[in-house]
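The following pair of complexes shares a single chain, subunit A, combined with subunit B in the former and subunit C in the latter.
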Partner chain A sequence: MLLKLTFNSLYARLLTVGMTVFAISLSLMLYMSVEKLRTSAYTSFTDTISQTDLIVGARTSSVQLLLYSVFRIGNATNNITWESYEDVINKKEVAWSVPISLGDSHKGFRVMGTNSEFFKRYKFRGGQSIELEEGNKLDDLYDVIIGAGVAEKLNYSVGTPLIVSHGLQSFSDHDDQPFKVSGILAKTGTPVDNTVIVSLEAIEAIHVDWSTGAKIPGQITPVEEIRQMDLSPKNITAALIGVNSKLQIFQLQRWINEYPEESLSSILPGVALQELWRIVGVIENLLLGISVTVIFTTLIGMTAIIFSSLNERRREMAIWRAMGASPKVVIGLLMLEAFIISVMSIIVSTVMLFLTLYVLQPWIDNTYGILVNIEMLAVKDIYIFMLFIIAASLVSLIPAIRAYWFSINDGMTIKI
Partner chain B sequence: MKYIIYILLSFNLMTFTISAEETRQVDKHEHGVGELNIAVEGSTIEFEFMIPGADIVGFEYVAKNDEDIAKINQALKTFDDYTNIFTLPSNSLCELNGQKVALKEEDEHDEHEEHDEHEEHDEHEEHDEHAEHAEENHNEFYAKYSFECGNINAIKEVNFPYFATFTNSGELEVQFISNMGSTSFGVEGDKPLINTDGKI
Partner chain C sequence: MEKSNLNEKTIQINSVKFHWSNKSKFKLHIPELSVDKGEKVLLLGESGSGKTTLLSLICGFLTPLSGKIQLNEKLINDLSATKRDQYRSDNIGIIFQQFNLLPYANVIDNILLPLYFSKLRSANISNQRETAISICKSLRLPEDVVNMKASELSVGQQQRVAVARALIGNPSLVIADEPTSSLDTDAQTIFLDLMFSQVASSNSTLLMVSHDKSLSSNFDRVIDMKNVSVKEQ
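Now for the complex of A and B:
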């Protein structure tokens, strides 16, 4: 009976109530999408590299080493010599290793030199391997394998010729040694998608006529001659390492960090990710703070709307009283009203959230590389909803008490 | 995501490079910050502590008198019983099967090697360096414990009575690795535990 009354009363004010529900839903949706993006960003982030125990590079901060070796953001301060790399991988603790050489680019995409171990050992998202979508591995010196993102954005297919540029933002190209796409990788949702992969030997080959970062004037070694040369790598940018037993990892890490011949750094990827996330966390909390404030403001908004409608509804209340409703029932009615409004808002906001996510998911993935999981609500969300309902009902006590006071004073005749 | 990181980088990160032509390097040493490495493999879990002397006994010079020596011996004894430092849930059925406790005094910087390599170096300079070292001697408590566990997955948290045991102690920086991957924790006295649920 009470419920039906409230529903009818709300229905009679469909437009105002509808607007209120919409406003609250929007703010709830804002909060939930921030939460969703936050958790998805974290998972995408931590999923970028898995099962690699150590990353070795020149001495630098752990975050920077992680960023340039895995995320291809920023640059290495130094490379490491092949001799040091060999010293490291000859340690008995090392099970496998993947050398990585960075520094060149193709149309804004990073070129990475590596060997076949990369395809076997690089794992992401809890142990998934990268796979060739089409084409073959690096069979020839001038073969490249491109990530799904590169193929899509540049509209490349197997067999497309390409030229590697020297450095990351330079106008000098290695145009005397053209490459050709031999394979395209399946989409991974990691920076590999935006990487052009060549062999370590190819990196050496394109720099045959280069010295200290500049082309030696007039010197062009014919490709046939380069193919005959010894192209074993002289230095690399970083290396991914797997150990035989996790128990040996810290011993190996210490050995590398104290390696006397060259200043090296070795990091545990998860530890560096955590460190990086602590920095990102500041902004995360800021976003969360903003959305909580928005929810709070909408709650106040809802109270204001109930308040302002009270005057118009004094007659309605007089009728309730005439029908035998006690002032307490009036309070109950108004709280019930707030309860219904908040529950409706939650339903509307959830529907809106999933619709928006469904529409925006491919765009977010493509633009920012964050795969937003569209999954059922988490337990935490349910808690937040419950908290919201309780808060809404409590806040509605303020206009309810005023209505109680009105209904006692007014009785059945409205004194204005 | 790249953009977010770029923005953050612009005001957050600094990098240090050290030229490697001559290899002189010194380990980092921060008073108030102890290091702990935890590694899990199969049913074995290992804890490795490296803690600045100042955090344990309140000084870092070479023990000067009997009182200092007694303090160091007492501290080493405290480390001998790992339950003074950390505790594991009893249902994990972990049994200690190896431990090593030591006081590592800062090495004399490979004195002999230095002399051999740089014979032409001015001797006085070398001596000066040594004099400095003697004054700011750093020492470190090193402790390693290895456990075999009947039910290693039951280690959902590790508690650290360490903070209560050593009143001078500051923070513990923890590096953690298991088959689930690596992560880090910062532990302080006001919340002396780490949550390893789902990480082993």
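Now for the complex of A and C:
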């Protein structure tokens, strides 16, 4: 009967209660959205590269190696020689490898030289492979494959000619050797989207007339002649390595780090990603702070709403007391009300969140490269909801105790 | 006085003193007051004379600073707050001046509300809904009224529903705090007649507070607060 009457009481104040539920739902939805975005950003970030066991580069810090080899941020401190690379990949522990050569750019986008293994071995978002949206792979020396972001921002399509610039902010172009877009990759939400991919041989080819970072004056080798040359790479920037057995990772890592011929670094991508995330974790903490503030504000808001209705409900409390309800029952009624309001708010906010995500998911993915999964509530979410309900019920104790004192002091005399 | 039973007291008050901690000027001292079982008593008094405070003490909302309050020969001011609440629920039906009902509940739920808190009163009736409807009929409430929301009733109807609620489960004492003040003269007479007949059929004792002396003839006894309380400064 108490439950029925509590529902009736809430229903009788439909507009006020409805607005309260809506306000709390919005706050909860904001909290859940921030949480969802935070975890999705983290997942997208850590899923930038997966199933790669080691990244090898010249001796540097793990974060820097990760930044330039995976995120194309910053520059390599040095290259590694092809011989060193071959020594590494000839180790029996190595199952596969992908060489990467960086250094040039096209209209602000990084140019990356690699081989066909990259398309097979580079995995993201827990094992997804990169796929061609349209066009073909690198069949010709002067073919390029561009990421979805490059195609979109530069409005390129298959067949579009392009010139690679030397370095990252150089005014020197390799304009004597124009490239042509042979394929466009599907969107990945990773830095691959903003990468121009060429073959390792192409990187060698465009640097035929260059020496120590500068063009040799007056030397222009015809393209047809370059095509006949041995364009085997002499240096690379980094390499992605997969091992035969996970147990061999640390053994191989130690061997590479102690490689006597050249100073090399090898890093575990997962560990380096975590390390990097800790650096950018200030934003995560900020988002977490916003989430907690939102919840806190919501609870205060709900308490204020219950408080504001308290005075006009003193008569109602007096009736309950006259019927024999103890002050504890009066407290219980208000807490039950807070409980119902919080449960209703959770239901409404969850529905609103899923509807919003359903509408905005493609836009968030396309714009920010963050895949927000629309999935059932996680155990953590359920815990947070339970905590919210408990917190809401506890916070409602403040007006409930006030009602308790009203009900004790009012007796037969209601001071409204 | 014919209807009262002098041997059995429903209310027995001795040397009760009370004052509000925040109202230093107001002090209530009642040396002696008793109401017999089945008696219909009108408690008269001016505003501020302590009528409602006395009712709050009898109902167990308040406890006296000293003295004894006995209901049905049970000392209630020594009971714990929870037990006083239970005792009130089991033995007292209360009718307020106005706004007696939970506006969001229907009439039947309002009438049956005391039974939720009192197993004793609940045990006194076999079919709760039928009994509630029967009391409503006796109080000349329209048949369809039981399923209506309390807020949809007229003031007079609401007061009659309050009587039905106070009497359900036959409590030994009915306390009414100026229940006719919001009714016009004709409605007052009809209301009192209906209330008296129902109180009589329930064999309950009635203690009604009013400042309207013209109602005196309807009661077995009239108690004036001036005569039972001692002025203290």
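Assume the second predicted complex is superposed on the first by the 361 of 416 C-alpha atoms of A that agree within 3 Å, B and C clash if a C-alpha of one lies under 4 Å from a C-alpha of the other, contacts with A are read in each partner's own complex, and residues count from 1 in each chain.
In this text, contacts are C-beta pairs under 8 Å (C-beta built on N, C-alpha and C of every residue); 3 or more make two chains touch, one makes a residue touch a chain.
The structure presented is a predicted model; accordingly, all values stated were derived computationally and were not measured.
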| item | value |
| --- | --- |
| Touching partner for A:Leu26 - first (subunit B), second (subunit C), both, neither | neither |
| Partner chain(s) touched by A:Lys4 [first = subunit B, second = subunit C, both, neither] | second |
| Which superposed partner A:Ser50 touches (first subunit B, second subunit C, both, neither) | first |
| Subunit B versus subunit C as contact partner of A:Ala12, first or second or both or neither | second |
| Touched subunit A residues, subunit B compared with subunit C | B |
| Touching partner for A:Gly270 - first (subunit B), second (subunit C), both, neither | first |
| Contacts of A:Arg315 with subunit B and subunit C, given as first, second, both or neither | second |
| First, second, both or neither for A:Gly324, with subunit B first and subunit C second | second |
| Subunit B and subunit C contact sites that coincide on subunit A, given as residue numbers | none |
| For the subunit A and subunit B complex, residues of the former touching the latter | 41, 44-46, 50-51, 53, 58-61, 63-64, 67, 71, 73-74, 77-78, 245-247, 249-250, 258, 260-263, 268-271, 274-276, 279-280, 283, 368-370 |
| Subunit A partner contacts - residues on subunit B that touch it in the complex | 1-6, 8-9, 12-20, 23, 25, 27, 37, 39-41, 44, 46, 48, 146, 175-179, 181-184 |
| Subunit C - residues contacting subunit A, complex | 52-53, 55-56, 59, 61-62, 81-82, 85-86, 88-90, 94, 96, 99-105, 109, 112-114, 116-118, 151, 165, 177 |
| Contact footprint of subunit C on subunit A as seen in their complex | 1-2, 4-5, 8-9, 11-12, 315-316, 318-319, 321-328, 408, 410-413 |
